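What follows is a group of structures, each given as structure tokens.
Heads up, the next two complexes both have chain A, just with different partners, chain B and then chain C.
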Partner chain A sequence: MIKSKKFINFILQEGGIGLVLLILIAVFSIAAPRFATVTNFSNIMQQISINTAISVGMTYVILLGGIDLSVGSSLALATILAGKAITNPNLPVGVAIASACLAAVGISMLAGLFNGFVSVRWKIHSFIVTLGMLNMARGAALQISGSRTIFAFPAVFNRFGTMTFFSVIPSIFIIAFVLMVIGHIILRYTVFGRMIYAIGNNEEAVRLSGHNTGIYKISAFVFCGFTVGVAAIMYMLRLNIASPILGVGFELNAIAATVIGGTSMSGGKGSMIGTFLGACIIGVLNNGLLIIGLDDNARQMVTGFIIVFAVVLDTYREKLAKTQKE
Partner chain B sequence: MNDEPILKLEHVTKAFPGVVALHDVSMAIQRGEVHILVGQNGAGKSSLVKLLTGIYFPDGGEMFFEGEPYAPKSTFDAFQKGIRVVHQEFNLLPYLSIAENIFLEKLPANHGFVDYGKLYRDAEEALKLVGFNIDPRTRVEMLGVAQMQLVEIAKAVFHNSKVLIMDEPTATLTSKEIQTLFGIIETLKRRGVTIIYISHRLQEIYEIGDRVTVLRNGEYVATEPLSSLTVNDLVKLMVGRDIGVAYPFDAEAALGETVLKVENLQVQGGKHPVSFSVRKGEILGISGLVGSGRTETVRALFGADRSAGGQIYLHGRQVQIRSPKDAVRHGLSLLTEDRKSQGVILDMNIAVNMTLADLAKVSKNGFLQQQTETNEANRLVEETGTKTPSVEQVVRNLSGGNQQKVVLGKWLFRDAEVLIFDEPTRGIDVGARYEIYLLLWKLARMGKAIVVVSSDLDELIGISHRMLIFSDGKITGELDRDAFDQEKILSYAYEEYIR
Partner chain C sequence: MKKFTRVLSVLLVVAVVLGSAGAVLAQDKKPVVGVVLKSLANEFFKTLQEGAEKWAEEDGRYELNIKGMNSETDIDTQLTIMDTFISLGVDMIVLAPADSSALVPSVVKAQQAGIPVVNFDVRLDADQLKAAGLEDFMFVGPDNEEGAYLAGMALAEKLGEGGKVFIIEGNPGADNAIARKAGFDKAVAEGKLELLESSTAHWETEEANTLVANLLTAYPDVQGIMCANDSMVLGAQKAVEAAGRDDILLVGFDNIAAVQELIKEGKVLATVDQFGAEMVQMAIEVGQRVIDGELEPVGWEKTPVELITIEDLE
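Entry: the complex of A and B
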């Protein structure tokens, strides 16, 4: 009895999403022999890295009942600033790389600060503020770069980007994974993480318990900006370019991963592990469908359907969880 | 003339878990009269209205409308039968025109297209019935409160409502607007509309009322012609009797020095500044009608809402309270009137809720010490007598009384010095109430300064050392425990409304 209840609870939480992921992997392995190979798994890891990194920050924002639509544009702007710094011939390579990292992370955190501050100070839904930032950052990226792509990064930088550990795990996946683990630890084990959940559930109760809820909300947006900055560097590591037109639609992938992972759009409920599994599901789907021979258009339709299906499943899970309690 | 009552209630009962809202109420409303309904907070007036309009369903008894059994399934059902409420808060759509609002239930249509010509003609006619001269194309958002009320009334009248229920219609009106409203009520009466009129303002009901029914603690007390009763008679009828709950008052406990002193605190939009103080170990009761400024005052004191001025002193030292954060830092706490939306986080567990106001005590360098938190929560559960299998339990699954104990536990953990309770026992059953009174007393003996706002007069009389009475935003009375007297308190509470 207790055992089955524990199992149900496990399924109701991250376990359910994990199960979906396992089923997908199993189905693709049977359908396409080329799917379940070490090389392909290495590919998938590389493909999901950037989305995973952005989703870590997105999870914080969505847990607060907000949303950040500007992550894709901010990422483009961050690559442009970082690209300018890294290709600066007057700087020694080490300094150039370091300043590129600082520039990428700094500008996206600044964008996050703007998003958070404006939405908190004037009580504007973050949907609107970040929609504005989406355009501002894109415009700034195009302006600063003169609409040109930046490339020819230092060789050592590019070499790190294509490195794999144990000839399986791509370097950028390790970065994403570390970011995810940090995100998980903060959310699960710190006062800050506790406040994120509490505010997402009932901001007024938290405020009346003597907390300045605005500070926490702004911090969540700044943290989201931080993950975007890291993702920008990862993008440059992977593709060795910085471009003002990249990152279009990244916000939707990050939102999809977060929501598939079980985070509620109204806030207060969800987990980092879930988000990571959500990003894995999207990655496995995209990769697997390609391998079994679906074209781009069909893949897009299936992925879209899966997102909706996951959310429907989630509301059903919630109902099940409620009846479990009674 | 038809002497049969238009509306008749026979032995109607409505109960909620732990509270009986209406008990065995029988009364009759005559066709074409203005029938006044009075009673203290919680007397059952609102429940009665909700039964008549199909929001609540009676647990027992029967209702008759024009001689037929009457059991409305929804507000729409009640409205179609001819019974309608004009609410204090209006149910109008601000961005639609007056005409569209009046005919929202059934817009005149032609093959699915709205027949605007007919709509505006009909609306004009409806507005004429209430003597309201305005273009029906005007958007509702442009109207003032009194005008919106006229639109609501026009809506009711035009749809041939036979019974019109008005719930505190004059609460937000100026005296000139009130006179206009009374004129309209006269007109409606002449047209044969029956009006049920609910009001705290005991003076004004004499201007328009024919008969009055008094409710008390959910029970029917009397129905009399207004001409046979004075205001004092009414107050006497409204005064409740002791419902027999034992109150653990400890008269021996010594009071200490003044902890909190409030001077000229002005609530946002309030009419009068208020001043009061609380001593160590004292329970100060705050009484008054709903909307008399009790809740607004304690919320402004706590920084939950902005105050418009005033000084607050703690142990004689002036402090600035601009937000709940400031208040909590200075040792104040507020247990809000609305427990579920402002007191607890329903979907998080007891431990999280209880430690929320002082996370520093259960964390080190920003990391939560989960073992410490569990231990502390267990201690608080014990101390407050919260009934739960474990501190991991989600608060939503607890009863109202236990949820309230969780909020209490939160402030105990914070070690607040001044505890403000707004309706601490609302919606809580009798057994759990008693436990909460015991906790209040324990806190007082620990030397806390306690302020209790309550609509339950028996409760305040039972537990307070001293009582302040609010009336229309003003403190109209202050009584010491040995001077507590239901009648006196009520007359203070109604003071500003009688004048």
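Entry: the complex of A and C
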């Protein structure tokens, strides 16, 4: 009896959000025979890739107790610059693709630098600064593109976008996964990563112990910009268009994935693996609820409910972890 | 402080004098038409704006003052624009309302100020207009239902009776989304198609891509997809392609450049053109006929909708 209780505690404590994901997958597999197929899992992987990439950066920012509302707009702006570069007829294909990648990553890192610098230099909460950036980037994207969708990318670029490895794993999922692993390693095993946690927990203490917290905070926003730039290229690979109106609401999906994954909105607590599982939960819900035949309105309600439920469950996990320690 | 007040009052007087001088000059010049658009972030309205500017320049009879906003639902900005046009005293207002009900009081205000208003693109709410004393207020715009019906029938003819289809809808509650859905439904009924699923992707490419990929898993036997706009066609087409299903036929609505390309490549069957570039011109010309007393300002002046297939683009 005691043993089994211990076992349940162990699962709850270590599994947490992963357990919710497994339950969801099990339920959908039973309810809809077409859910648990290779093709469908391949679809889900493709559908969560962009959100996963953005959420990697978002995790850094939220761990600091900040937030980045500008990711969706920055993504749109990045696709526009990259789209202009990649469709430039004067450039050889290879150069066009390379400059598109540089443009996307460059502009979104610049946006991140602005977000970080302004919020640190004038001690303004990132909520406001990135809200401003949300509008600036969207306006710039519309201005530069003349509100037009850019299309007709090089064939080799489009082909790579729809490629799957072992006919299961989409190319853009691999990019997202690598980004997530890099994000995880930096967070876990570097001074920079540990500093992010420390600042999120108690910025004053870190500052008093002689560290320049501002540099770390700005770097986190720049890193978030980097992941947005990569996500912009992934978007272009997936849909072969660049548009100034895309990415509306992407910030909310990334914040949801991060928070479902157990990262605390007040900072200092959370993990990259959790964020990845959070993104998986959103993707599986989106896919599974449709396949079992729920209509639009029901899907929206159930998704909302499960997001809250997952986070509530997570608070129990925390409590358990605390009592176990004691 | 006193000095400041004096400077301010001098400035005010100068502004008023200049303003009235401008107004007097303007009277000698062409009539000014205030054009209120919806989201200029939307490719359709951008085309509409550019078409209107080009026409005004070539035609030379009117001076256009075109205003829009950057979001489909920014009703406040539209209300502000209406107020600005009323206080500027423009000669005519043509309005594409962001909200069918919320703009009605502004229309009444303009009419009371003696400025004729032509409602185009999205129809103002009939009940709200009636309550405001504007019964059967004239509307100039496309028949979205008819357009969607044309696209739906093009698909139905290719598939034949019993063809299995999805409908990808626009924003729930939006007037044109409702009309287009009705047109598709009519084509489904008339063409005796089997509707497997009808869901919204909120006009968006990425959402349509995800939705269609997931629907293909749930209903692999689908043969055709009707999308309520071309942005969603772009996403749906990528999903179909990624699933390796070159047998599925797609139709859309709006005739945007990216979809024209797909039609030429044979990847999309048809779309619908509602001649956005000419719509402002049509609205102003109808308004002029009303001012000249040639037309009663009631009923629906329909603007053309046309099915676009590969034959039209070659």
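Basically, the second predicted complex is superposed on the first by the 312 of 326 C-alpha atoms of A that agree within 3 Å, B and C clash if a C-alpha of one lies under 4 Å from a C-alpha of the other, contacts with A are read in each partner's own complex, and residues count from 1 in each chain.
The definition used in the following text is that contacts are C-beta pairs under 8 Å (C-beta built on N, C-alpha and C of every residue); 3 or more make two chains touch, one makes a residue touch a chain.
None of these values were measured; they are calculated from a predicted model.
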Have a look at chain B and chain C on chain A after the superposition and call it: clash or fit.
fit
Who does A:211 touch here: chain B (first), chain C (second), both, or neither?
first
Could you read off the angle at the CA centre of chain A, spanning the centres of chain B and chain C, to the nearest 10°?
120
Mind working out whether A:201 is in touch with chain B, chain C, both or neither, as first, second, both or neither?
first
Per-residue contact with chain A, leading partner among chain C and chain B:
C
Once the structures are superposed on A, label A:148 by its partner contacts, choosing first (chain B), second (chain C), both or neither.
second
Taking the superposition on A as described, I'd like to know which of chain B and chain C A:246 touches: first, second, both or neither.
second
Should A:174 be classified as contacting the first partner (chain B), the second (chain C), both, or neither?
neither
Check whether A:190 is in contact with chain B, with chain C, with both or with neither, and answer first, second, both or neither.
first
Once both structures are aligned on chain A, how many angstrom separate the closest C-alpha atoms of chain B and chain C?
23
For chain A, what residues appear in both contact lists, the one with chain B and the one with chain C?
none
Across the complex, what residues on chain A touch chain B?
189-192, 194-195, 197-198, 201-202, 204-212, 268-269, 325
Touch list for chain A against partner chain C, complex
32, 34-35, 37, 39-40, 43, 46-47, 50, 138-139, 142, 146-149, 151-152, 162, 235, 238-241, 243-248, 286-287, 290-291, 293, 295-296
Taking the touch rule as given, give the residues of chain C at its contact with chain A in the complex, in rising order.
40-43, 45-46, 70, 172, 199-200, 204-206, 209-211, 213-215, 217-218, 220, 231, 234-235, 238, 241-243, 256-258, 261
State the interface residues of chain B toward chain A in the complex, per the touch definition above.
302, 304, 323-325, 327-329, 334, 336, 341-348, 352, 356-357, 359, 363, 366-368, 370, 394, 397, 410, 414
